[in-house]
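In the two complexes that follow, chain A is the common piece, with chain B as its partner first and chain C second.
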Partner chain A sequence: MASADEPVRARSRRGADRYRWSARGFVAPGVFLVAVLLYLPLLWTTFLSLTDYNGLRDPEWTGIDNYTEMFSDPQFVGSMLNTLLWVAGTLIVPVGIGLGVALLTWNLKGGTWLRLPFLIPYALSGIGVGVIWSFILGSNGALDQALAAFGIADTPRWLLDSPLNTIVMIGATAWQGVGVNALLFTIGLQSIPKEPLEAARLDGATGFRLFRSILWPMLRPLTAVVVGLSIVASLKTFDIVQGMTKGGPGQSSETLALTMYKKTFVNSDYGLGSAIAVFLTVVTLIASILYLRQQLSSKHEG
Partner chain B sequence: MRSPKALLGVTAVVTAALVLAACGKGGGDDTGATTGTLDFYTNKAAWEPDFTELNADSKSGAQIELKFTGYSDAAQYDAFIRQSFRTDKSPGLFTWQTGPQLAEVVKEGLVAETTDIWTKAVNEGWVSPGLRDTYTYDGKQYCVPMNIAYWVMYYNKKVFAEQNIAVPTTWAELDAAATKLKGAGVTPYYQTSTLFTFPWFQQLVAGTDPALYKGLATGEVKYTDPRIVEIMKTWRAQEDAGWFSDPGSTVDPAVGLKQGDYAMINFGSFFNGSLDGAGMKSGEDYDMFVIPAVNPALTNTPVAVESGPLCVAANSSQKTLGLTYSQWWMSPEAQTAWSKARGDVAFNPKATVADPMLQKLGTTVAGGGHETFDRYYEATPTPILTVALEQFGAFIANPGDPLPFLEAIQAEADKYWAEKK
Partner chain C sequence: MSRVIRTTVLAVLGLIWLLPVYLLVINAAKAPATFTTTQSWKPTDFSLLDNFGEAVRLSGLSESIVATLIYALVAPAIAVVVGAAAGFAIVALKLKRGFLWFVVIFGGTVFPIQMILLPLFDAYSRMSLFDTKLGMIIVYAAVSIPFSAFVMRNFFTGIAHNVFEAAVIDGASTWRIFARVYLPMASSALVAIFILQATFIWNDFLLGLVLSQSGDVRPIVTSLAGMQSTYGGAQMSVVLAGGLLVSLPTVVLFLFTQKFFARGLALGQY
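Right, the complex of A and B next:
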């Protein structure tokens, strides 16, 4: 009996092998693309960050020199502080206002029409937003002229003084980003089941009480996504700053992404630029993991 | 990707790809062609019409036509050219930057030698031997000059006439003119806090002591040198006196001069094109003068000169074609045509310059009593330059004690020169 079974099992194993190999064949192109387009650049950048490379010669191994140089550079510390300001600022302003807009309009008839204008700037590229706002905020720009019409002549130097320049640039980002945050929060609000809401209302919850006890906890999964996206986006802030101040005057409004760009492409110090890129990647990764783990853990579900 | 096998597979693929990427080195073989279409790369995308116009002349003069590829972002262009040396597509002709940037690619043996072309040009009187020095490394020449520009003072003629101001010929007269303008409610000078933050520093230092200026470029003089601090104090006093325009203005500098937002602007002689474009008439609405030396004891007035090179990659498949074009480029015919197309000063004294104002500037500087020096932007090693441009920008935005700004620049300079040793 057993001997009669053998060939059958062998055949089926061969079949499984063939199946496995053909499956691998189908997966291979995808794996190859991901490897070449995503893993390879990451590994290459990490490798470059441990070398001295000017784009002309072959990279020269220098170990952690670039990292020591990076952390001992006061300019790098300045960029890091500005980047932190961006993270905090974009959490408070575009996310906060976005939530506000969503809360005020989701229950209204025609609320879509009220939210729509906020979405229009989202169609612009970051550089476009930067160029437009630099004309508004430049010395004697549109804003100064508008204020002068009301007799306010002594206006702040919006883009020349730090940290005001970073703050107004966060404002420009908010102008663009509020709409999409409002849209996401609205979707979240609309997906909240009707029953608990009605129950809460019957219990007399309205206004802030309703928001704090019912809406906010039930929005949590969506808030986690919006805040997570906002943290990642603000850590890599580049386009608006490049379009408005180029990190200046001096380095007063420089972010880490700008420092990375300058070291790499302006100074052709590819090693140091890569080190900053790796640092930025690690920080973003850690921030995302810590935040999402804390937010989406089962503790909060109950 | 939980199984170690899959991880191994991905690692293998990545390694293979890395090896492939690393193998893409080397260059093309020179085809030896001397006529045809030459691939030309530049970061001066805006000059495309000028080069297109020149094609008619180069076709009849050298049977070569340029295929123009323009970048408008200098940093992006720089990265592109650097990478192209590592492929078989290195350019037959490309623009670069003189000073440490050119020295770097010459040292790596990446650009073709042009000694023969220079020897012929100097012998024919097509170019001054002084300019040759800018292109000389270890006694050999590399690249040819694409253009030159002198850094001078442009002024609004109408404003000068209204205030009854004559063209200043000494530093004291320039100061007097600025004082008078300010008194009449006109801002004397233009300034900006991004990129072009260096001209006034360059002018003040070189005009005070050319040797001091050269010392900064070679690292022999520190930015914190008491003499430099003293010069910065002069600049600060002028800032405090309100002699400079609002650095945060987004008004185009040419338009600002036209509107009379300020009376003068220190710029390279290529600025004629921008002013013409803004609707001002050369010689009628605006004119220029060589900025007098700060130190009246100097025998020659220092004039900043900017020269951009036209280079051929040593391993390009179009090397011969590029060098043939470079040879033609130096000739008076080519430079006359180029001056007409571009509206710029010509480095070749035998060329005819279309704009009489620029022709006059060329002869003035070439004549006695003047001495050219390399513009700060080209003279300064890039990492130091990056910090210096930012620090001057910060100083311009918030003029104050100059020492912290100078110390920041010197810190970068110390780092740079320590690595060079």
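Right, the complex of A and C next:
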């Protein structure tokens, strides 16, 4: 360690090298915690996905058996399709309505207040959303009562029939997610420079034409981020389904995250559960790379 | 589109958005005796506070509230400081191969939590960290660190390096420069990260479900889910009150700190 009265010149001459150990010291806690709690478990799960393991005996190497079992299991295929529906649904509904709300409140007096109702559900937990919507959508729940008041007695069994149960749960998630997307798109709209907007207005562009020719291209980088985040989040859908249907009836509304949880912690089939986790991770990584690349390429164009 | 039409469309849509909140509040306020499953749209009586009390009593929610408060305050605080230290090492101290270490830390956030659940459960059980507050704090801090390091590195990149050099000439140690110069300058980013992560931890369900079981360790949302499956049929208004009680802190925090939230989200994405 350098003594306090060492001349300043000598310190700066040695430059960054002087801080080599202290830099390592500052980065070490972060690297250590991430390595031990995130990367080690990740590697262990990857290893377990190639074994037969139930937590009691030692893991037994079985190669890709878990993966072949997984893909030939109709329940797994079903939950894969449900997850796809989640990805498509959360892309269209919350992102679309969020953009709509942002455009409608843009430059509008009182826009901040009109946006508020959409923001209230955002900070709710998935389970909290589930509690509210199970109450609304249950048989003879609040929604059925409202429909009955309009003379519609023969209502669908919202949470009991597939794929309707997945669709209404996507609706509940949209109820929660619209606000934050609207907030992000509003930030994007506010950062658009005034000049091209004025020029387009002078040229007579309004409404949809203004949106298509100016706003949409300028929002594209932000849209890529919102879409990417929404895909990654929907792939991991767990809380709301576990809170509302527990994946049922049967396995009809299970998502990949839920199937992984059940195979692992209910059936104690650790190998198969790990294989599903690996599959989910690979799909998530591919989705993240796609949106990161799109984000980068649209920045190059601009 | 004219302002009047836009305002009307937004107002109508906004009212529809508030209907579930209305239903939650009026039904959570009904005493279990007066609550019926056929009159969900009409408010009848106001027993909200009784129902809060009953919800807390039924599911041991008060123990969970204390535990969750500890998690939501301590774990983000650790993550914020550890993440800032990593950012400081990479940007101000010019750590060798700093970008590589940055990618290593940030990479911890790109895969789903499902990928680490089972080994954590296994290791926690063997190391007697399962079902302990310490175990929960450690895992919450670890999953919060990548985002924190990401934002802090970006933030420190915006600070001129001669700030650091000036402090060195003044004779300050690196620890002192970090704690007295860099951290205070970053206070708004630190608060933004803290609020985002505290909300995330308060709302966590899955880690609590897998890594805890007793009432005084279980996070509040996991307890709420248990309460919903146990009492959802017979005492629906109490469960709704529980849901409202659990949700209030984060909703209020979010509404009052929207700007920080938006800032945190924006910082995390660019």
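Assume the second predicted complex is superposed on the first by the 272 of 302 C-alpha atoms of A that agree within 3 Å, B and C clash if a C-alpha of one lies under 4 Å from a C-alpha of the other, contacts with A are read in each partner's own complex, and residues count from 1 in each chain.
Here is the rule we use: a contact is a pair of C-beta atoms (placed from the backbone, for glycine too) under 8 Å apart; a residue touches a chain by one contact, two chains touch by 3 or more.
Just so you know, these numbers come straight off a predicted model, no measurement behind them.
Of the two partner chains placed around the shared chain by superposition, chain B and chain C are both touched by A:Phe135.
When the two structures are aligned on the shared chain, A:Gly243 is found in touch with chain C, with no touch to chain B. Touching more residues of chain A than its counterpart among chain B and chain C is C. Of the two partner chains, neither chain B nor chain C is touched by A:Ser213. In the superposed model, A:Val31 lies in contact with both chain B and chain C. By the touch criterion defined above, A:Gly273 lies against chain C but remains apart from chain B after alignment on the C-alpha atoms of chain A. Of the two partner chains placed around the shared chain by superposition, chain C is the only one that A:Thr284 touches, whereas chain B remains out of contact. When the two complexes are overlaid on their common chain A, residue A:Tyr261 makes contact with chain B and with chain C alike.
Contacts of A:Leu40 after superposition: both chain B and chain C are touched.
Once chain A of one complex is fitted onto chain A of the other, the partner contacts of A:Leu159 are limited to chain B, with no touch recorded for chain C. Comparing the two complexes, residues 31, 35-36, 39-40, 44, 55, 134-135, 138, 140-141, 261, 264-265 of chain A contact chain B in one case and chain C in the other.
Residue ranges on chain A touching chain C, taken from their complex, read 4, 8, 11-12, 16, 19-20, 22-27, 29-31, 33-42, 44-45, 48, 55, 101, 104-105, 108-110, 114-128, 130-136, 138, 140-142, 145-146, 175, 178, 180, 183-184, 187, 207, 225, 229, 235-236, 238-239, 242-243, 257, 260-261, 264-265, 270, 273-274, 276-278, 280-281, 284-285, 288.
On the chain B side of its complex with chain A, the touching residues are 9-10, 13-14, 17-18, 21, 75-76, 78-79, 82-83, 85, 104-105, 108, 110, 193-195, 246-251, 382-383, 386-387, 390-391, 393-398, 405.
Of all the residues in chain A, the ones that touch chain B in their complex are 31-32, 35-36, 39-40, 43-44, 54-57, 75, 134-135, 138-141, 157-161, 245-252, 261-262, 264-269.
On the side of chain C, the complex with chain A involves touching residues 1, 3, 6-7, 9-11, 13-15, 17-18, 20-21, 23-24, 27, 37-41, 82-83, 85-86, 88-90, 93-96, 98, 101, 104-105, 108, 110-123, 138-139, 141-143, 145-146, 149, 165, 168-169, 171, 174-175, 178, 199, 202-206, 210, 221-222, 224-225, 228, 232, 236, 239-240, 242-243, 246-247, 250-251, 253-255, 258, 261-262, 265-266, 269.
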